[in-house]
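A short worksheet on the structure shown next.
Here the chain labels run A, B and C in written order, and each chain numbers its own residues starting at 1.
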């Protein structure tokens, strides 16, 4: 029997009275890139934000069902939510540098815990900036405000900031939607490097990106999981007509 | 340790926030306890009585209620249209150089002590009224002029902001329909900025009702019911400000009772203001 | 045609009224400064008033103003900023929040003379603090509390929500998020609110008259009674026997308020702009 990194079981999600995810079942293998794609308002962002319980910040939201990380429920109250978010990192749709220096941004999560030496933090900052393909561009000016970077650099900074925490899963929410092609290429390239160490779930900003980066893909439509499979299955030979309509660009 | 800090911080903030409730409660209780006996003893005659003569044990504050209402209304009549006028000027007409000079100046004016306005009124407004309109000059009119000047900076700056923050599409759309600039201001921008302007006016009026020292200087402070705007008058606030220094016994309690009436009037104003601003935020959400 | 005429009339009218009023308002400042600056010199600022303020300087009212202000702000700041954080970060409505909000807005509307009455009966009489800088400071502290709460809450709310979300996704707790991600961005707005309330303390007259008293001698401690500058100016202007001193005092007041508004804001902007 294959072991899965994440298992989502009978998951329902409500925003007030409105249901946004319907009875979703999905398994994610470790060290793979899974694309969760679909037209706007299909529930992809909501799903990603459920996986690190970020959705709980909104009091009107409610969920039913189960999400397991390494076989253990992420909603288990004994498991601390801050610990969960360190294991399941997230990169947002728009670049979100905090108003502090580059170094302070990348080391933000590291400095929260106690007992890390300055040298260890610096080492982790350098490593994660290298992983995010940003080190060469910023190594001379780590004390510069993060806001002074270009949009693409900012987004790679956000990737580095997540990687610095050595998460097990990285969620990337339409992370390249506003970026230039070069930055997008750099981020996508680093993603394929990163899957050796991490499990990556991405909500791609278009079908082409899903085809380029992912190993498997899941198509979400109006909160329903239409189908899920390998890239080949999904993009060259989809079983469901709605999937083929969407990937061939008939709607969406 | 982390969890402890988490819980502690929430509790500490809540405790600090509860202080406001405590403060309002203690203020209300202490003023009530001091003033209520006089209201209880004189009953309706305290509010409706026309004679204030502490030496003879007569405590009727109707003249002061009339005084407060008259001076505040006068200030509103003078200050509100002029204030909106200035706000429109600042937001729509003023060249940018003028704006960069006037804006900080108006902010500074909002911060200078009210007694400075009163002093200026005493030196200019009072003699002007006395020379050109007759009477002593110390009058409802003088008080209204001073209060309107005092609330102008508040009304101007808040109203200006509520015009400026309107989406530029409102103005562009109206101009594109062939309206003149003035028609656009009158029929599109001012109505759209209404709730902000109303809030500004209420805030300004609240200050006017509550102002004490500036108006003591120009009102003349007579305790009779005035028959024209050129006559001296006393307001609820000035009644307290003038006599608290030497009041004893029942007289002192009567001043606290005056405070209760003032308090009630202000609370009614506050609650209606809160009601209006709450409706405002609702209507904004629908947009 | 009619529209263009009314446009012209309205524009002219607004220009005239607005310029007249703004010039009158600014004339008040100029008039006070013109008459007051002639009186201000070193001795005026460093001597204690003599003969009920008709002679000498205004050193003790300056000290009175500064001590009452510092006390009031130091006392009000933790409560004000704490309440703002509670309202902006820790609550999502509910009965307690509604009551807190109602109370702070009501406190904002209470006239200063009523604060004076309260301070007189509570701090001066009931708590036995007497007419003193402490009584005045405590009274004014409650008075400026709503200003601090409102401006701080606005500053905290204007911090983009994404900063909080980022901080949470990096494994920060709520308290860590507030301390490290929210506060640095809100500090400038909070400081502006504090400056605004410092200005209100300096300008306050009615409440301090009933709580800090009118004594002109140098205060020895916060338990001494002391006259503030605004009150000193008021009393001089009302007596009308030492107009030069009144002008001088009011000019010092206006300069102080100007200094607080402009210079303090500039300082805040300069030192709190790191990272932006």
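The rule we apply is simple: a contact is a pair of C-beta atoms (placed from the backbone, for glycine too) under 8 Å apart; a residue touches a chain by one contact, two chains touch by 3 or more.
Not measured: the values here are computed from a predicted model.
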(request) List every chain that touches both subunit A and subunit C. (result) none
(request) Averaging each chain's C-alpha atoms to get its centre, pick out the one most distant from subunit A. (result) B
(request) Would you mind checking which chain's mean C-alpha position lies nearest the centre of all protein C-alpha atoms? (result) C
(request) Starting from the mean Cα coordinates of subunit A and subunit C, work out the distance between those two points in Å. (result) 48
(request) Using mean C-alpha positions as chain centres, tell me how far subunit A is from subunit B in Å, no decimals. (result) 54
(request) Please compute the C-alpha centroid of subunit B, do the same for subunit C, then give the distance between them in whole Å. (result) 17
(request) Could you tell me which residues belong to subunit C and also touch two or more other chains? (result) 173
(message) Which stretch or stretches of subunit C touch subunit A in the complex?
(response) 92, 162-173, 176, 180-181, 184-185, 275-276
(message) Considering only the defined contacts, which subunit B positions touch subunit C in the complex?
(response) 2, 5-6, 9-10, 12-21, 23-24, 26-27, 30-31, 34, 82, 85-86, 88-90, 93-94, 102, 104-109, 111-120, 122, 149, 152-153, 179-183, 185-186, 206, 209-213, 216-217, 237, 240-241, 244-245, 255-256, 259, 262-263, 266-267, 269-270, 273-274
(request) Going by the contact rule at the top, pick out the subunit C residues touching subunit B in the complex. (result) 3-4, 6-7, 10-11, 13-15, 17-19, 21-22, 24-26, 28-29, 31-32, 78-79, 82-83, 85-87, 89-90, 96, 99-100, 102-118, 120-122, 126, 142, 145-146, 149, 173-175, 178, 196, 199-200, 202-206, 209-210, 230, 233-234, 237-238, 246, 250, 253-254, 257-258, 260-262
(request) Can you check the complex and tell me which residues of subunit A touch subunit C? (result) 52, 54, 57, 59, 82-83, 85-86, 89-90, 92, 94, 96, 98-101, 104, 108-109, 112, 145-147, 158, 161-162, 165
